Structure formats: structure tokens, C-alpha cells
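Both of the next two complexes hold subunit A, though its partner changes from subunit B to subunit C.
Right after this comes the complex of A and B.
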């Protein structure tokens, strides 16, 4: 007992999982009934299904510590990391023990809950998530020290793990927008004092697929598992903050 | 209890009640309230575009005053009066929420919760005022005085936004969208309010024609027509082009929108200049 509220030790859950078989091209929703402890994560539930109910269910995960982003799925319409979601938190958050689970919508489904991440990453690659042209000092092999004040401006944005939860939640269509995480990757390098090619970066941001497709619905910030205020960084670009930092 | 804490508790109470509404709770739990507000902003914008088209269509009847007066008898029916009052909702919401977005995106104001409270608070006051004026139906004000005050305010706000973004490397059309939005933020709600000061202001052809013969009012109306049609056209393109990945289809959409809006611009400008 805790303050008069009974803490359940086990929950009887129903998981309605979207399935897809690439061989037959057939899609369907399959119900799984299972009993699970309150501190099990959703990745544990998928494993439990594999071990006890259905070995054919396919899903993705790697680190299972919210660092790689591969286990992103939609639970009752909300994109999130399955490895971060505890059963009890899910019951409280959604007010139900029935969960509809679907793959994220940023790329075609390969099988069940697995999407083609390579295709999803194509948009991130268009934003060039690396230093295009390092500043001179950086090239000489010396240690390049970023001042704490500079780093503080964008260090939050460097926590992005490209789980594509923000891109899934975004109001803008994924057909014409690079996506919040891809835009954020470019903004990180714009704010990075080691990057020289600021003009090229601005060109990406101000392109047809760039920030003009963002309508500041802030769903990206709302769903981000790393709690990055993505909308804030995109708004900095709209404000024209980075134009004064132009390099070559 | 401090005022801020009280305000936060009130907001939290209202949001908790709203989250119980089945459809709203989905947005609140999966995307957050700003996402829902963005959708409302889009829908309000599309409704306003349709309103501008209908408005220009009916104004075109001013060329034949008796036909205009005949059409306007319909708008005196209670149901149409009620619909006109309802129109105040998308007008003020789209205007103030647009103002919030400008403050967030261009002026770096990140206290979004407070800004949203202002959007809803001012919207309710405005909707109430429009309703009150419609019920009273006996207000009058000098059009020159009213529109001079409104135009100067709108121009100052538009200039403030233009000054902030003009030298940036953003697309010219995007900049115009923001500037026209800032200008319309004041002009459109003022236009709706002015039209409901008393029934003759907008429903009697002789009164409307007399007012529109003033060079100053012509200038105000032209600015309204051009800014509203540009803002609407860019907004429609922005919403619908998102779903078209084919470049050919996007060009076709631009052409279609341009033709429709230019046609309405032609009707509106010609009427304003020649009347």
C-alpha cells in the first residue's frame, strides 16, 4: 500500500500489434494477452511474446538503454522508445491495459515492427550530420577546445540519437520535409565552432525541404525521448541566429 | 498562494478536463497541446481563405447596388447572423496564434504557455465584443478615424517584423508571409469588428459605396485584399504542397493557386478602384 493506492505487482495486458509479412505482403493486427510485472519494459514484453507466445514476431532493439534509438515504435499513437517504457508507466500514462503497437512511419516496414532505417537515414544524410569543412586550427591535428559557453548553446542538441520519434510525430508530411532530427543535425554543426562551411549548411536549412516545412507544432519536443527542445533549435534558425556566424 | 502558482493550477485544471474529451486526449497524450493548436490554426486558415473568396464574391455585387441589397437580406436572418458571429472564432484565433508563432519563431520568445493563455484569453474577449456589438447594432464611428488608427498600428507591427527578418537569407516569399501575417493580425479582426458596429455598415449598398469612395478607405481596402490573398495563397500552398513529393504536381499546384487567387485579386482590386 502506498498512500491508499494499491500498487499492482502484475498487470494483465493486451498488446494489439501491427504485423506485416513481406513474403505475402499481408498486414494484420494480432492480439497478445500476457501477464507482466510492473517494471518490465516494452522490449521485455516483445521478448516474452517471442519466448512464450509467438516466435515469429519481429521487432528491433540494440542497446536497450535508450541510446541507440532502434526500438522506436508507436504505442497507442505515441512514438517512443520501447526500451524506456515501463509497463506501470504505460498503464498510468495511457489509462489502459490495452496497447496498440505499430511501427514508426518514417520509412517502409520491413517486417512487423521493423522499418527500413537505411531509408529513414537518407534524409539525415542529406543534412550532412558531420563537419563538412573543419576550421583551420582543427585541421592541424591540434586539440580544438570548444569554450564551455559555446558548447552550452548546443550541447542539448547533441544528445539526439536519431530514433525518428520526432519525425514520426511531426505535423509536416515526411514526403517534403527533411524531418526535425535531420534539421537538428545540421543546426548542431552550424553552432559547432569547428565547422567552417556555414553557408552550405544555411543553404540546406533554407532549402525547399528545410525549415520552411516546419510549422512549430512542437510535437518533436513533446515526444523526444532525450528531452531535447527540438522546436527551440529550429526556431533559432528561423530567427536567423546563425547567419551572423557565416564562414565561407 | 502566489499569482503564478494560481494561474498554473487553473491552466492545469482546464487541461486535465480537456484531456478527458476522447478525441482531444489522443492529441494531448501523443503529440502535446501545441500540435492540436497547430491543426486548429490550419483549419482556421483554410476557413478564412474560403471566407475571403465568398466576401469578394458578394462585394462584386456592389456594381449593381440593388442586387447587393437583395443578397444582403439573407445575411440579416438569425442563422446567418449567428454564423457571422461564429466567424469571429477562426478570425481572432488564427490572428493571435499567428502572432504567437511570430513571437516564438522570429523574436525568440519561448514562454509559450503564457503566450497561449493570452491567445485564448484575448480571443474570448474579442468574440464576446463582436457578439455584444452585433446584439446592440447601434454603434458608429468615423471610418477615417477608425481605419487610420488601425492602419498605423498594423503598419507598425508589420514594419517591426520586416525589420527583424528583411536582411536575413530566408526565402523572399516566406518573409512576405510573415510580414503580411503581422499586418493582418490587426487588420482582419478590426475589419470584422467594424462591419458589425451596426447593420448598415456592411449591408446597405449606399453606405458601403459612400465609404469606399474615400481615397483613404480605397487604400485600406486594397492593402487588405492584397495582403489577405497573398497570405492565404502562400498558406494553402504550404499546407497542400507538403503531400506532393512530385515536382510537377507541386508546380501544377502553384499554378492552380496563382490562377484562383489572381482572379479574386482582379475582382477585388477592380471593384475597389472603380467604385
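Right after this comes the complex of A and C.
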């Protein structure tokens, strides 16, 4: 093989993007036709639209490599991170070159694809994403000792980046339920041996807006871009299995 | 036209933190711990502090464990000094290195999920450039949270700041600092979602705006790292330090620029050019792929420059290959699963079967807003501005000099965040400042200037041209001629930008407006970076002058750059602190102007 050869395939795509103008309060769907190489990501497509077709299209991102969770959008009805979706994979996965793109539904739209994540985060804040009160550390000036096996039980839940894909997919999550990622933030600290305030946490979890709102549909686990089995953690919480169990 | 804008409200608080990344919020947490109930306002450009760039750091954080039988702070100090190419400040090195472990314990005690060893203790691993016995063997000095240490820190300090009652202003930019005489009294903030300007008055203001990687075409930095903090400081007539000290990582994944870690080369990955030649043999016959970062980066750039690169049509970037196809399944699956998955996920290649495209990627800004060892901002080498602090990647104390060691940045964020927090607490008994009469004027005239233009130029295009220019002329290789051309072209780009119309004059969530403002900052930071690089007629750390390839004693100092009028850069100097050497304690001779040879 000649190293200089690179496969040059271009796709002709149609992006049907839901738009909203806060100045006029108008909403509409705008079609953009564009040609794109196989390994451009959807964030690259949005930038391409800005630079070549329409600088007014508003979308959000930050790290653009799936570590921050800012660029979540709906593509053909599925919530996902735009920075992770490559053109050629999208064409295969959705079996089309036409993509309907809409903002995620967890908070009001500010403009086009940008939603008010501040409002969405309110629910995470209510779940208190920190240690409320630390248990006494008998080894002052040192770290708490936590066995790798104890950590293993909940470490996956600490990987959540609050992209709100799960909350978008969860039918229960909108008004009445804190949402899968918010309860996950609390479950982490219920499983964390350093948290003293377990009672307060249980109160949040079993409140009106707590985990009983979850119908165990597992949509959250299915869409999570970090492949966290969110529903598994919620199931543990429903059974009250927070602590390490013998023979577990 | 600026008459159409007004300040919609004035917020009074104790402390204003501009930039809610790891550094800014570690500082907030310290203030809240020392003085619970302090009224802190933290501003961030991103949708939530958790979306800040700190979130993406993977490798880990350096810290010498006092219980470690073989490691010692003096070894870490030496590695940092040598790594900096003898340009870091030794008082700062000492301070940061000595508090490394205490800070690790603080993080852990406040809930960070650091990875554990079999005994349930915080685990440690090795990292490039960190040694025992002054370069003898590798040190186990890097604490980590799996491959997401930055996220661990970010979540932790955000949580602590939230718990302590910090008010956050998210998706907002600080556009102007306010001063009353030599005292900083707050800033003007533009809230993007609301389209409103507000004044925040504070007894102390902390700048923690992060890096400026977006001045380059290929970068590992996030979209918001546009050097705003540096531009705001320059606009206020204050200097930035060592802007020419920029680090390039040899292997960024084309085209997202995502970091492909050194591990790929240490497990046996081979770099190849267009003709598939393993070219490192020509540049470093002994070390080959394992030569230091800057040498490998220069080798790759030479291949591309001499026509032996490959053009990626999708991203329009030339690159070389990293060949991992010959490595065993075990290596692929057990030793490099993470980076392998990056290639798969972001460019759809299978490193077991495919050659993978890489190009040096801008990674880190060593220079920044000059501070002393307490994060206080200096007006010049003798005096301070009261009530103003800087911390994190936007600041330069300087811990890294002209080249940063991996894992030293996170350490700097948390220690300097803490130290600065302690200093800020001392300002809290001051009187609440009043609002300066001219608050907002600079911002209004800038924004109205953007809005009244009618030119048909494409702002996105100008930004791209600037980024390519900086990569080509002020990147891995620099020459008198190239930098001079860059300086001229930057002026032209600025003139073009100044005439270009916005696509919309709305104030609400107008991305074009924000990017227009960022473009100004990028151009300003590029200008001082290029001028600093032109003036430094030597090579040192990340700054490599092809026409002056050696380090020179006459440049044993920091650069200070001032620019209030675009293009009119004034340069000054700040001495390098050599207190460890001068105190003549044990091993002091290791801290002289030693050679940076590995």
C-alpha cells in the first residue's frame, strides 16, 4: 500500500435543523445541504455550516472529545453527543443521509440547538453533587482507605459527565423526576464510604421527585454515551443496596 | 452607537472569580473553607463550570508522598527546573512541590475518587520527565483518577464551591476589568443568554480563564480557550509574561487534535512518512521514537514541510502516520485500549489494521499573566495591583518556565488555587468599592464597533487563516523571516476583521458576536506571542528558533510584553528567581544553569 493514498469519499448530506429565534420567538426547521468527508463529526458539520453557509446557526460545545457533555443534541430522535458522531457512522447507523437535528428536551431552548443547561443542572444541584458531611477520618492528614473492590462497585457512576442524554431519553424525567443523572450523583455518595449524611441523601432519593418515578425502562443506560449502566445503579438504590455486601 | 448599550444591573460581592475551571474553583473552595459565608461570584464562558477545560485532563497529577521510601521533593524540584530549561522561578517550584501531597490529601478528603492500590491507598504511576536521584530512574509520582484525573478535580472543586454557596454566572464572558487607581474593583460581564451587560463589584478579583490554544489550527485545547484573560489584562495596560513559551505535543490525532498519548510510542509505535519510511531513525538514531517531545515534534514537522506528509482531505491537514499494526493484540487490548478507542471513535480507524494520522498539536501555554508566588498580579517587576489575582493556566508564576512537565499543571492549579485563596481572604476586610463612572465604556465601544461594520468578509475564514498562520510561522519551528511575516499578516487580518459585518446584531445568544469578540482576543494574543518569539533570538524549551538553535545566557530572563494599541508591543524583562541555587543548601549545584539533555 502507498502510504500517500487516502480514501476520498464524500457524502451529500441534508441536515434539517430545528431553529428558534429568541428575538422574534419564531421556530422553524431549516434545511442545509452539504458535502462532507467521511470522518467529519457532527460538530465539524455545524462549524462548516457556520463558516460556509450560515453563521447565525447557534450550537454549543466545549472539549469536542466526549469528556464535557456540552454538545448533546437529538439526531433523528436519539439523544447523543455531536462530537462523537462521525458522518460515515451516522449514515450506517441511521440508514440515511438526511438527519433531523433538534435540541435536547431537558430545558427551554435559548436559541437553535442551545438549551438553558443552567436550568437542567438545577436538578443535579438539588441532588448535592459533593460530600455533604464527611465521616471522621481516623487517619488525620492522610487519605481515607478505600479498597479497590469497594471503589469498583460505584466507580462507573462517577464517570457521568452530565450531558443529559439519559434525562432526555427518560420518559419519566421531565417535570416530576429529578432525572437519571441527578439521582446518579446522589447514589455515588450513598455508595461512597466517606459520606456521613446518608439519611439526608436517602430523603432526596425517596422524595416526591426521587427514584420511584423511574419505570425501569432502561432508556437511560441505552443512550448513555459513556456507557454507564444508569438503570443498574437506580435498581441498586431501589433495593437499598448501597453498602458493600459479603460475597458480592 | 454605544449609546444603545447599558449596564442592566450591578452585583456587589466579596470575591469575583473570572473562570470557573479547576484553578478558579479550587481558589473559591479555599476562601469558603477559611471564611465560610464569603459572597463569591464565579463566571464561566461554558454552560456549567463542569464543562471547563480542566475536565479533559487525563494523565494525572504529580505529588511526592512523604511516606514514599525513595522519592523526595528535591528530585521533583530538580525535574521541574531541568524540564523548564532553567527558566522557572525556584521560589515557586519549591512552594508548589512541597505542598503537593497535602493538596492530594485535601482533594481525596473532599471526595475525589482517586484510583487505589491493593491497600486502599492512593495509587501512583510513572510519567515522562519525573525521576529519582536527579535523572537516574523513573519516579512513581503521579496520582490519578483512572484516565480522567482532570474530571475528578473539576467535579470535586465545583462541588465544594457549590456547597459553600458560590453564585455562578454561566455562559457569560468577562470583557473588561474595572479599576479605581491601582486597585482592581471588579469587572464588566456580558451574559450571553440574556444579552445583558452587568457590573460585578468585588473586594478581590481572580482571573482564572485558562489557556489560549485556539490561536493554533491544531490544538488539544477546548473551543473556549481563546486567551481572553490575557487580552483583558493587556487591554488594562498590564503585561503578560513569556507568551512565546508554547508547548506542542508531538502526536495530536488529525483533525480533532485530540491527544494521542506518549504511550503509543513507548509500546513500540513507529512514525512513518508518505513513503512509509520510519523517519525517526534519521533524526534520533539511538532514541528514535522515544526521543523527547520537542525533538519528535520537530522531526514530524520537518517531514511535512519537506513534502513527505500526507494530506487528510476531510480536515485539510497534512500529517504523518503512526504505525501500530505490528503490535500484539495484548498490547492493543491491555496497554493502549484508551487511545486505540480514540482513533476508532473520532476517525474511524482500527489501529490494528490501519495507519493512523498524527500531527503535532498545540497543547499548553507556559507563559501568562505574571504573578508572584501568591498569585498576586504585578504592575511591573516592583509593584502589585491590589485586589487582583491570577491563577491556573492563564497565569505564570512561573512554575513551568519554557517547558512544562506532564502532570505538573494540575498540581499547579490546586496548589496555587489554595495559596491564592489564602491571600484573597486578606482583602475581605477592605471596603466595598463603588462603581467607576466609566464602567462598560470600553466594552460598549468595542461591541458597537463590531455591530456597525458592513464589510462582506467572512469572520470564520479570518479566524481560520490566523490559526493556520500561527501554526505555520509561530509553531514548532520559528525563524526571523517567518515570524516577521506573521506579524505583518496579523495586522492585515486585524484590519479585515475590523471591517467585517456580523451576521446578526442580536445580543441574545449570538454566537457570531461572541466569536467576533474572541477573534479580537486571539489576534491580540497571537501578536504578543509572535513578538515575544521574534525578540527571543535563542531556543529554549518549547520555543525553537531554527536560526538560533541554542540556548543563550543573555536570555536568562522572562519576557514581559505590553500592548494597549494593536501591533504596538512593548517588551520588558523579569529576572528568573534562583533562590534554591543562591541559598547554597544541599544539592544546590543541580539548580544552576544546567544543560537540558536527556
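Keep in mind that, in the parts below, the second predicted complex is superposed on the first by the 229 of 248 C-alpha atoms of A that agree within 3 Å, B and C clash if a C-alpha of one lies under 4 Å from a C-alpha of the other, contacts with A are read in each partner's own complex, and residues count from 1 in each chain.
What we mean here is this: a residue touches a chain if its C-beta (ideal position, glycine included) is under 8 Å from a C-beta of that chain, and two chains touch if they have at least 3 such contacts.
Computed from a predicted model, the values in this text were never measured in an experiment.
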When the two structures are laid over each other on subunit A, do subunit B and subunit C clash or fit?
-> fit
Dominant contact partner of subunit A by residue count, subunit C or subunit B = C
Kindly classify A:227 by the partners it touches after superposition: subunit B alone (first), subunit C alone (second), both, or neither?
-> neither
Of the two partner chains, subunit B (first) and subunit C (second), which one does A:64 touch, if any: first, second, both, or neither?
-> second
Report for A:235: first if it touches subunit B alone, second if subunit C alone, otherwise both or neither.
-> first
With subunit A's C-alpha centre as vertex, what's the angle to subunit B and subunit C, nearest 10 degrees?
-> 170
Of the partners subunit B and subunit C, which touch A:41 in the superposed model: first, second, both, neither?
-> second
Subunit B versus subunit C as contact partner of A:212, first or second or both or neither | first
Touching A:89, do we find subunit B (first), subunit C (second), both, or neither?
-> second
Have a look at where A:134 lands relative to subunit B and subunit C in the superposition and call it first, second, both or neither.
-> second
Just subunit B (first), just subunit C (second), both, or neither: which does A:118 touch?
-> second
Counting only touches as set out at the top, which of subunit B and subunit C does A:26 meet: first, second, both, neither?
-> neither
Considering only C-alpha atoms, give the closest distance between subunit B and subunit C in the superposition, rounded to the nearest Å.
-> 19
Going through subunit A, the residues touched by subunit B and also by subunit C turn out to be none
Can you list the residues on subunit B that touch subunit A in the complex?
-> 26, 29-32, 34-35, 37-39, 41-42, 101, 104-108, 110, 112, 164-165, 168-171, 174, 238, 241-245
So, in the complex, the side of subunit A touching subunit C is made of residues 2-4, 6, 8, 21-23, 36-41, 44, 47, 50-52, 54-70, 83-84, 86, 88-89, 110-111, 114, 116-118, 121, 125, 128-132, 134, 137, 141-148, 151, 155, 158-159, 161-162, 189, 192, 194
Counting only contacts in the complex, subunit A reaches subunit B at residues 76-79, 93-94, 169, 171-173, 175-177, 202, 206, 212-213, 215-219, 221-223, 232, 235-236, 238-240, 243
Subunit A partner, complex, touching residues on subunit C are 46-48, 50-53, 55-56, 104-105, 108-111, 113-122, 146, 148, 151-152, 155-156, 158-160, 162-163, 170-171, 193, 222-224, 255-256, 258, 272-276, 310-315, 321, 342, 345-348, 355, 458-461, 464, 502-504, 506, 508-512
